[in-house]
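Two complexes come next, and they have one chain in common, chain A, joined by chain B in the first and chain C in the second.
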Partner chain A sequence: MSVAKLQVRVEEVVPVNELITRFRFVSRNGAPLPAFSGGAHTVVEMEDHGTRRMNPYSLMSDPSDTRGYEISVRRDDQGRGGSLFMHRHVRPGMEMVISNPVNLFGLDTRAKKHLMIVGGIGITPFLSQTAQLARQGGQWEMHYAARNRALGAYMDRLTGAYGDRVHCYFDEEGDKIDLARLLATQPIGTHLYVCGPKGMIAWVLKTAAAMGWPPQALHSEEFIAPPTGAPFEVQLAASGKTITVGPAQSLLEAIEAAGVDAPYLCRGGACGQCETNVLRHEGEILHADHWLTDEEKASNCKIMPCVSRFAGKTLVLDR
Partner chain B sequence: MSLDFKPGAFNDFFREETFRGDFTYRNSPHNIRRFPFPFDRDDYMYAVNMEPHVPGRIGSVFEKTFDVDEHYVAEMIDRAKVLADDPLRCQSLPHMTLAGWDLLELIMESKARDYPEWFSLEKNGNRWRWINRPLGIDHSFTFLDEATLPYGPMEYITRQTQGDFTLQDEREGTLWMDAGIATSQADWSVDFDIGMSWHEWHAPVPLAHEMGIFDRALKFLLKLQHGAPVRRFNWTMTVNPLLDTAPETYPKWGPTKTSLTQENLGQKQHLRVELQTLYRLPRSNAIAFDIRCYLASFDELMTVPKWARRLHRVVRDIHPDLATYKGFIRNQPAMVEWLSKYDDGKPTSPGWWPEEA
Partner chain C sequence: MTLTPVEPTIKSRPVYAPLEPRPGHLHLIIADGEGADAVTDMLAKTSDAGQLLASAHLMYCPGPNGTDLTERLRALGALQFFRAPTIPALLPRLKRVLVDAHMGSQFYLAGTEGLCGQAETAIMQTGFPASAIQKEHRGSTVRRVQCVHCKGITENVATDPFQCSHCGLSLFVRDHYSRRLAAFQGVNIDAEDPGDVPPSVVRFK
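Right, the complex of A and B next:
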């Protein structure tokens, strides 16, 4: 299944704070972009001096605003280069390609209440979700932690629009979300949504599970940036090719660079689209995704090439 | 405000006909040639068989996103009658209203684009004006404001669109049939299925579970993307051109299966084909499932020699569990006897198009 894409132009590039920059895309031909649902993301394609990068970013603009889409990108100086490209090279007027919106972090609209727990740049999907709820109606409450006031992106906007529904916490001021109390005092029928650093997501989900929250009421989203690592060789059995995955390249990118068509959607280990069968391996598959179950990872019959790597002698994939 | 049709619409194209009582439904010779004959080979077994729903061959039922054919006006009148008798054929749980608006927008935009001579949509912000010339409708309303329509958005637009629809909410790694309308269904019920999950509503289907079909199809659908709809076929057999073969009314139509003879079979026995299309909806992230029913009598199908040969072979060799599930095991021998007269044993060309090899 090929990915549906949108031809866009960069309309605005706005620095938000020392780490975060916001980008606004409009369609090149002036036609409206598709509406989307709160929590959706898009995959932005970057032509970075000979390297094609494709990174998922949550859409943060009002989902009913079809004149343009907005994303916020946090600069990662240690990353593989996608966020640096966005910060350094993307300028108003540039033409880019992005995927149609995909939602892996949607609101359960039956919920009696939506409880949102946010860390840092994890705020972006909640900006579109709160815009959707403001229009549609629905009870919600947000607890948003940032390192300090300067890095609390969009806190002013949120508290200005929604007042005391939004609770802000600053690590450097010693604030901490009192999670146990918060979870203990929610009405029945509340759904919990968490997006932020890995450690925060794990803490929130574990605490909620331990307190007896039903799994279907817990929602989280984390896109994993493909990790870097030692280069490795892979045989693609179906296409009869042998490829080498570079240290800063993902396996999926290496497959694509070899001219082999491989399915994908999120490119961040969350959606499952790129799941690939492992025909033979001698070595260790370094699973990094959220998609495969622990049993599937242990069986080593499948790999998610968008984020997972390999260390060893032979890896043969059904691709 | 109401949705009274003013069909000055029966004309050289839109046929005046009935799907009940005297059953005057017929396909014109042109329409037989564009019938979506579902067998691309001489045998049949389940398959997920999905392909992108992109514009297809000119004149075929794939040419437009939502096919409008010569039966449109008559089908919409039949739907209104079914709903008047049983309003529970159309239901939408409260959290699905936004998905209903998504569907309304998708259908209005598609039809206005594909059939400008029949439909038009003017937008001024959220103030919309919708004109449906075949049904004599000219409504202005406010998008996303239910109070400005005579029905909920899903019911409003599907009373003007051929095909049954379900709207499926995505939660907990599966799909939930939380809204739907069915008046041209192959013996399933919105009233029974509403609120069920994917595996629950598919539970009665034989063989396919063991084949892993539903697990694979669900996995595929959960990744369905906005802007990339897909389609597949399904089919069954129906005696008389009855659109509304509902479980609710089985006592009325079930016994007609006993009325077939070798003399009336060609006229009464119909192949019922569903063109199923699936769309990811933008605002709600729900999935719309369109089940469009096409009916052709055996007599009509026999006018295409390739289909005549193939239909005989498929009906003769089908797995008995499928013939039972599709409700024609009782009449299978009679159908095979009748069809065999039209099969000269010659090979058939691959694919479902009517041409000879």
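Right, the complex of A and C next:
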């Protein structure tokens, strides 16, 4: 309900490697899809045998291609089931609903240079960003680490198109990004973008901050999958309802399932749109988001229902 | 002497904060006039001022009120010290240093708004985020003002209204500020009733 929806049809389903599959969506009525900017994502709605799943995926296609959008989905066998649904059940010709693009990871075009640090499936937003830069012009350099050559999705495409701007690293071959050297040699006015596993993002941001890079020049994106956990009960004060959040359901999904209108954009703890006031609680709020500050989390006055859970007796929300 | 207070008015009016030492491989410190005090106050906050100064490039010029603390700053023993007679003579040095600068450099600007603003503009033009540049206003409050009509810039404006040094119009000094131009905006005060100019008062010293 937060962003207008797009009625699309699946045009292509292409396996990229043993873990990653690419999907291409086109509009059902043939009209062009809205333009977007590099780094944007869409929320894909899945009707998974009675469960509605809504997962954010970065748009990886060229932003100037408004005939269709492409996403790449990494299969997570331990996840809640969204990526498995995409891999097992989505076929060409299927009709689906996705959100309008939203960008929480855009390029700062005032930068003199864009330094991109990538781990694994974190490559997807950079594919649209590099396509945008190829058209608009701009200096950039990419350092892309993958477990091995077979799992380095789109490495061939990137090195083929952009040559030595793209540096590839393979964990199983013992490669490691020489981060200290890399960060020490960037011209003033460089902005850094990092997307990949949680540990890599934390390592890059921490190293850069310690070397004096200002936070305003550091950009990262990590969508958190809502964690599973013990079921819990929540009172929604504004709508006068009491709901139970299931073990594999997020609080946001439970609120929506009760027919209560709640704002959201990314559904991955990054954008801040679903921030909800906590009126009363007896127990522990299990904060999992990137949005609230440590102080806000400690005060327990707010919760991000897209990814955070609760353990205890009573939780009353202003919703 | 401490940070010059700034009345918060409109959003575009720059605000300032005391300089804080931050980690970096190069410390570019640009100051004029009483800004020298802000530099020494900042150094007093670090546990190892010697280490910061060993990787510091300090550029200084006297303030518009004549305050000249060159010798105090020279005596600090920064890796490089450069004294310019004026802001326009200082800026080319800064711009040349920026050509070869790398991320991990810290910027400390201190003194008049004209000095802080013009140094900030030069640094911003590299793509470095403006909000990551530290600025502490000290000393004279005279303003650098752009005439919005002829686009000429008058330095060290003390009175309001004042006469544009380029086109001669009587200008009202706004708090509306341009980071791109590093100047406050001056707007003709008697456009509708030519000649009806209120008496000038000294607002900036």
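In this section, the second predicted complex is superposed on the first by the 317 of 319 C-alpha atoms of A that agree within 3 Å, B and C clash if a C-alpha of one lies under 4 Å from a C-alpha of the other, contacts with A are read in each partner's own complex, and residues count from 1 in each chain.
FYI, contacts are C-beta pairs under 8 Å (C-beta built on N, C-alpha and C of every residue); 3 or more make two chains touch, one makes a residue touch a chain.
Just so you know, these numbers come straight off a predicted model, no measurement behind them.
In the superposed pair of complexes, A:216 makes contact with chain B and with chain C alike. Legend: residue contacts after superposition of the two complexes on their common chain; A:100 is shown touching chain B, with no touch to chain C. In the superposition on chain A, contact is made by A:63 with chain B only, not with chain C. Contact with neither chain B nor chain C is seen for A:17 once the two complexes are overlaid on the shared chain. Applying the stated contact rule after C-alpha superposition, one finds that A:35 touches chain B and leaves chain C untouched. Of the two partner chains, chain C is the only one that A:183 touches; chain B does not reach it.
Shared-chain residue A:110: touches chain B and chain C both. Overlaid on A, the two complexes show chain B and chain C touching the same residues of chain A, namely 108, 110, 216. Across the complex, chain C is touched by residues 108, 110-113, 183-192, 210-217 of chain A. On chain A, the positions that touch chain B within their shared complex are 1-4, 34-37, 40, 63-64, 99-103, 106, 108-110, 136, 216, 265, 271-273. Contact residues on chain C toward chain A in their complex (touch as defined above): 22-25, 98, 101-106, 123, 126-129, 131-132. Per the touch definition, chain B reaches chain A in the complex via residues 52, 95, 98, 169-172, 219-220, 222-223, 225-228, 230, 282-285.
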